[in-house]
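The two complexes that follow have subunit A in common; it is paired with subunit B in the first and with subunit C in the second.
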Partner chain A sequence: MDYIYSILTLTGITMIGVMGTYMVTGLTGQFSFGQAAFMAVGGYVSAMLALRFNLPFPLAAIAGSAAAMLAGLLVGVPTVRLRRDYISLVTFGFGEAIISVLNNSAQLTGGAEGLVNIPKRVDLPLVLGSVIGCLLLVACYKNSKYGRQCLALRSDELAARSMGIDVNRLKLVTFLFASAITGYAGVLYAFYAQYLEPGYFNWTVSAEWLIIVFVGGINSLTGAMVSALILSSLPELLRFASAWRIIIYCVIVLIIINYRPNGIFGDWEISRLWKKSAKGEKA
Partner chain B sequence: MNAPDQATPSSGHLEVTGLCKAFGGVQAVNGFSFDAKPGEIVGIIGPNGAGKTTAFNLVTGVYTPDSGSVVLDGVALGGQRQDEIARQGVGRTFQNIRLFKGLNVLENVMTASDPYADYNFLAAVLSLPAKRRSDRQAAEKAREYLDLVGLRGLEDDRPEALPYGLQRKLELARALALRPKVILLDEPAAGLNPSEVREFIDLVKRLHERFNFTIVFIEHRMEVVMNLSHKLFVMSFGKLLASGAPEAVRRNPEVIEAYIGEEE
Partner chain C sequence: MLQNIFFGLSLGAVYSLIAVGFALVFNILKFSNFSHGGVMSFTAYAGYYAYIRLFDGHVSSSWMFFAVVTTAAVIGALTAVAIERVGFRRLRRNQAPVIYYFISSITLGILLENIITIFASSNFYSYPVFFSSDNLSLLGTTFSVADVVTLLVSSASLAGLLLVLYRSKLGLAVRTVSFDVNTASLMGIDADRVVMATFAMSGALGGISGVFLGMNYSLYPQLGQLVVKGFIASVIGGLGSITGAVIGALLLGIVEVALIGMVGSGWMPACVFVIMLVFLLVRPRGISGVIVQEKA
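And then the complex of A and B:
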């Protein structure tokens, strides 16, 4: 039972991380190869505040998300002006730089040995509540003028600017929001695992989140969440196959991308179900 | 919703003087000037490669002019960002239709009024009443624009799935949602069949009557040019070749040689 609990908890945390990637990649079409670094910032900042200053968990959580957002500002301001391919390079470099800093400031962060003795403040119900809460925020964001303008600029930046859309500002706002959400995922992870090490947040995690978003459907939050649920619990469920599980995982991803190039859900959202039924009633 | 629904007859005065733009060694636009008085319909014609679309791109801020000025109702637009120029009331459509894939027909129109929507980030993520009210009004308005161009009932369709002629109309509806004082149409009748062209001419006349905005359009089809424009500017090799009333311009020997003569 404990085992299933821990899989569910970690899957929930991954889902929140994936929401950040979904916003940056799905909504604005930028490739963030360093998204996990914001998770590291959120996790480390909140954990260190709790350990060194005895900050209560809720305050530490807010501080962690805010710090991730600040890091997002640092990367976002120069990158939103760049072309898409350069953005992936810059975010990738930034992510790896954060890992280096964490590794090399051992006195503060514990370095490669990790940060230990973080109090346990996070359990499954809190994670599930957080998933639902964050999901609502992100879904509302997508369904507002912000989301619409993001999808417009992703499709055609020049036309978006001609419709009065301040492209750079929207990209930045979305990037900051995504950083804060991802940072919050890091907070949850830190106070659940009670242990942080820099290696957990390197680019392979960011890449995995990108894979999840693409498999789910690049333009579908529903898809991203379903795909996060499946793909992040899959390696655990396939544990019986030991060494083969990574291969099975890769094959599944390849099959999906090959036969559904727009991802499983394309741009379908579950909210269309009740939107449609509401319209049916009116008619 | 802070911008007025209708342009007042006194706004929408576009003055473009001495516009120049070079790309490398190619002088695409070379001292081109034109003006459109409030409520006027102005046509720009000229052979392919004359720099007409570049002139539009200079007016709307896609490119920065090397020299020359663009003034709308006494405010200089030169040096402003593309989106700032758009929000000051310069709407446009594109020669090779540029609709937003990933958004449905209704949302495509709504995006052009979204920059005016006055709710903030917090209202958006919490879906506060102010946000819902604003979005509902924007959707209503967008439906009205779709209705005007004849796209009622297609709100939920994908823009790329629409027939070509309807995509042109959708671009027009989207430009209306920006509540423009001046609307720039880049070859709006390209690719339309003869009956669609006639329908299009009527549509533009109807919209012009309803909204009273200034229209500047680039077009090759003489039927459209002669039927719509109050005033005509002829562009050739980046320069102004002739201007004036459509009939006078049509009889101008220089123009016939540079442009109209080619077709015969």
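And then the complex of A and C:
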């Protein structure tokens, strides 16, 4: 039972991380290869505050997300003006830089051996609650004025600009929001696993999140969440095939990209179910 | 000092092979091809196994290096063509948006890396030593033979590539397609074949750089992640510009060697990131950006 709890908890944390990636990729069409680094920033900052200054968990969590947001500002400001390829590069470089800083400031962060003895403050109910809370936030953002502007910007940046959308500001706001959410995932991870090491926040984690978003469907938050649920919990349950699981992942992604380019869910959202029925009642 | 600059140049030469392989594909399909990293690790392993299974004891030691490099280049070209067939051909038919190419290439890179992990284990192998560890001395400083050969072979392959690109019919076709695919096909150029040829060239460069990386570092499945160096170099140089990529790569090599001397190899990635960020703020178009701009 404990084992299933832990899988569910880690899956929930992954889902929050995927939400961040969904916002950056699904809404504004940027590619972040360093999304996991924001998770590292959130996790390390909150854990170090709790360990060194005995900050209570809620304050540490807020500080962690804020720090991730600050990091997002540092990365976002120079890059939102540029072509898509650059933001991938800069986020990638940012990820590498964060890992190298974490590895090399051993007195503060424990270096490659990791940061240990983080108090355990996170359990399954809190993670589930956070997933639901973040999901609501992201869903509202997607349906808000900003979310719609983001979709316009993703399909055609020039057209969006000529409609009077402040493209750069919009990208930055979304990027900051996504960084804060990812940072929060890092906080949850730190206070659940009680241990942090730089290697966990590699760029391959960010790439895996991107793949999850794509499998679910780049236009669908529901799709992203369902595929996060399946792709991140299934391999845990099928541990015996662990060496092959990434290969299976990749083959699935290739098939989907080639034959169903909009992902499994296309642009279908689960909220359509009750929207439709509400309309039906009126009529 | 001179020695360090030389070492940086030889490192930069390897980076420039990666960056040019990267820029070639960017030129034609306008996306950053991360599967290049997979090709690099794959060929590095292919060269290693060719050495162990086929060449060791059959080829005289002075030709060994060239035999391994040639094998790696050929296998790299084949792999890249296969990648184009599996990952990008259908996308091009569907006129899919650029982001799909991007995801496809990342996926293929991760796929190759994991295939290697399964069949060759994730252990580190040490690459065969092709050159004696003697040093050449010239002008009062010493250079290692391996570095000299690296520099020479990289320059020769780049020169060969430029010759093909600017002095042959195929090169003309490649440049035409990179300018505008549709017009090129209207003019009777078989775009599929040109794209295939470009991937083959980029794969061959990837193969050569794979062997060099194997020699410089050791052999492990994640070796191909050094493709990032090529990415950084080609962004600094201006995306899609081949000369820019070479200049960017040489600069990157020298800066890295200098930084290792000043702050140590641990802090080097952080410093490179800051330099890159500042560079993008000051000159977002890259070194050769003006030329790319004129083309558009």
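What we mean here is this: the second predicted complex is superposed on the first by the 263 of 283 C-alpha atoms of A that agree within 3 Å, B and C clash if a C-alpha of one lies under 4 Å from a C-alpha of the other, contacts with A are read in each partner's own complex, and residues count from 1 in each chain.
Everything that follows uses one rule, which is that a contact is a pair of C-beta atoms (placed from the backbone, for glycine too) under 8 Å apart; a residue touches a chain by one contact, two chains touch by 3 or more.
As the structure is a prediction and not an experimental result, all values here were calculated from the model.
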| item | value |
| --- | --- |
| Which of subunit B and subunit C A:D123 touches, first, second, both or neither | neither |
| Subunit B versus subunit C as contact partner of A:I246, first or second or both or neither | second |
| Greater subunit A contact set [subunit C / subunit B] | C |
| Partner chain(s) touched by A:A152 [first = subunit B, second = subunit C, both, neither] | first |
| Which superposed partner A:R83 touches (first subunit B, second subunit C, both, neither) | second |
| Contacts of A:Y141 with subunit B and subunit C, given as first, second, both or neither | first |
| Overlap of the subunit B and subunit C footprints on subunit A, listed as residue numbers | none |
| Of all residues in subunit C, those that touch subunit A in their complex | 31-32, 86-87, 90-91, 94, 96, 98-100, 102-104, 106-108, 110-111, 114-115, 117-118, 225, 228, 231-232, 235, 239, 266-270, 272-274, 276-277, 280-281, 284 |
| Complex interface listing, subunit A residues touching subunit C | 25, 29, 31, 78-79, 81-86, 88-90, 92-94, 96-97, 99-101, 103-104, 203-204, 207, 210-211, 214, 218, 243-244, 246-247, 249-251, 253-254, 257-258, 261 |
| Complex contact set, residues of subunit A against subunit B | 137-138, 140-141, 143-146, 148-149, 151-152, 154-156, 158-167, 173, 177, 219, 267 |
| Partner subunit A, residues of subunit B touching it in the complex | 60-62, 81-83, 86-87, 92, 94, 98-103, 107-108, 110-112, 114-117, 119, 121, 124-127, 131, 134-135, 138, 174, 178 |
